[in-house]
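Same chain, two partners: subunit A is paired with subunit B first, then with subunit C.
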Partner chain A sequence: MALGKTLTIAIMDAPYESSNSTTALRIVHAALEKGHNVNVFAYEGAVNLTMKAQQAHPNPVKGTSVEQEQHPTTKDWVGSLFKLASKKGVKLDWVNCGLCVDERGAGDWIEGPRRGGPKDLLDASSASNATLVIPTK
Partner chain B sequence: MAKILNIVETAYRATIEEQDDTVLWLSHMLKNAGADISILLRANAVNYAAKGQDASGLSFGESKMTHAPEIDKDVQKMIEKGVAVYLVEEDAKDRGLADGDLIAGIKKIKRKGVPELLDQHDQVWHW
Partner chain C sequence: MAKYLVIESRDPFDSSDSEYFSELVQGISKRGKATTLFLVQNGVLPARKGSKHSNMIAKLVRSKVKVLADGFSLKERAIGKLVNGVEVADMDRLVDLLLEPGTKAIWH
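Our next item is the complex of A and B:
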């Protein structure tokens, strides 16, 4: 375990809807890169960020194929963040809100995140140096 | 235990589908889990303190919504449970909400009093 600090981030936006998701992941990346531990509480639509069934797609406007477009998926980004955490020797604890998962049928996610609930946010926040909320507006 | 202030600004965010406000629900769950939590209603969310809300009657074809959200009652229950619920007085006035329109137990503060309220808490989560 690294000797860095611990940051908790609560996120709420569904992927591909606003820049909030990318902003949150950039913050997670920056914290991990600097050797800090990060807790993520994915609430409401944010549980879709890690869904395994996400697929890259071609771009008919540009006329590009799937291979040419290399369309990013948030599940791959999150997967890369887990790899980064492992490489840096720090902890990324990603909790998908269980009830939010159930109501969206979003239970099939990539390796790394775990199912949890509001108490996980409270516990993570209590054990962190700082907590940041990025809500849906 | 850190004192947490949840500021709710965005109102009626999927309240029909969720049958509640997701941040008020989360706050209630955190209170049940032992959190020392308070709520500040500002901007459009001050309307959550308006009593007598009725969102019932929604139906799509044969699907009828039988349990509509009752946000004012949810806020009332949290107050009864010991959660301090504050409201920005000017935001309520701007939206035509008089004192008589508000549920009992709401703590009104003036906008200029918000910094002092923030200072009374260890963590401020702005939703």
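Our next item is the complex of A and C:
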């Protein structure tokens, strides 16, 4: 375990709807790169960020293929963050809010995240050096 | 003493909240608190030199608010020239600021 600090981030935007998702993932990436541990509490639409069934797609309007489009998926991005944490020897604890998951039928996610609840956010926040809440607009 | 890190993702062209939020930031700074405004996403739009709302940012710089603008967001929007006093920053800088002891972070 690295001697870095610990940052907790709460996110609630669904994937592909808001720049907030991109910014949140950029912050997580930067923190891990710097050797810090990161807790993520994903709630409301953000539980869909890690859904395993996400797929890249072609763009029929432009006539581009899946390969040409290089459409990034949030589940791949989050998956790469887990790999980065492992490489850096730091911890990425990603909690998907269970109630939000059940509401959305979003329980099938990639390897890495775990199911939890608001208490996890409280515990993580209490044990962190800093907490940032990124609400939807 | 508490330090304030205020992250602005909204812009005054889209949301009138943005101007009220700017007044809040100025108010915090006027109370003598070290205040940093980090502009990200569309929040960088008023930092463009000559933009309709650039005075809002210039006013904050004059009020001793440290104003940073996310380089990635600027690049996405082809913004080159910034209001005097605004500094380009990245997520590394934001993480450092977030983890500075005694910092209170607010996202808008």
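The rule is short, and it goes like this: the second predicted complex is superposed on the first by the 137 of 137 C-alpha atoms of A that agree within 3 Å, B and C clash if a C-alpha of one lies under 4 Å from a C-alpha of the other, contacts with A are read in each partner's own complex, and residues count from 1 in each chain.
Everything that follows uses one rule, which is that a contact is a pair of C-beta atoms (placed from the backbone, for glycine too) under 8 Å apart; a residue touches a chain by one contact, two chains touch by 3 or more.
Small disclaimer: the values here were computed from a predicted structure and weren't measured.
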| item | value |
| --- | --- |
| Which of subunit B and subunit C A:133 touches, first, second, both or neither | both |
| Touched partner set for A:43, first subunit B, second subunit C, both or neither | first |
| Which of subunit B and subunit C A:117 touches, first, second, both or neither | first |
| Subunit B versus subunit C as contact partner of A:62, first or second or both or neither | neither |
| Contacts of A:19 with subunit B and subunit C, given as first, second, both or neither | second |
| Partner chain in contact with A:7 - subunit B first, subunit C second, else both or neither | second |
| Partner chain in contact with A:125 - subunit B first, subunit C second, else both or neither | first |
| Subunit B versus subunit C as contact partner of A:30, first or second or both or neither | second |
| More subunit A residues in contact - subunit B or subunit C | C |
| Overlapping contact positions on subunit A, where the subunit C interface meets the subunit B interface | 131, 133, 135, 137 |
| Subunit B-facing residues of subunit A, complex | 10, 12, 43-44, 117-119, 121-122, 125-126, 131, 133, 135-137 |
| Footprint of subunit A on subunit B - complex, ascending | 1-2, 4, 9-10, 13-14, 22-23, 26, 29-30, 33-35, 123, 125-127 |
| Subunit A - residues contacting subunit C, complex | 5, 7, 19-20, 23, 26-27, 29-31, 33-34, 36, 129-135, 137 |
| Contact set on subunit C toward subunit A in their complex | 7, 9-10, 15, 40-42, 70, 72, 90-92, 94-96, 98-99, 101, 103, 105, 107 |
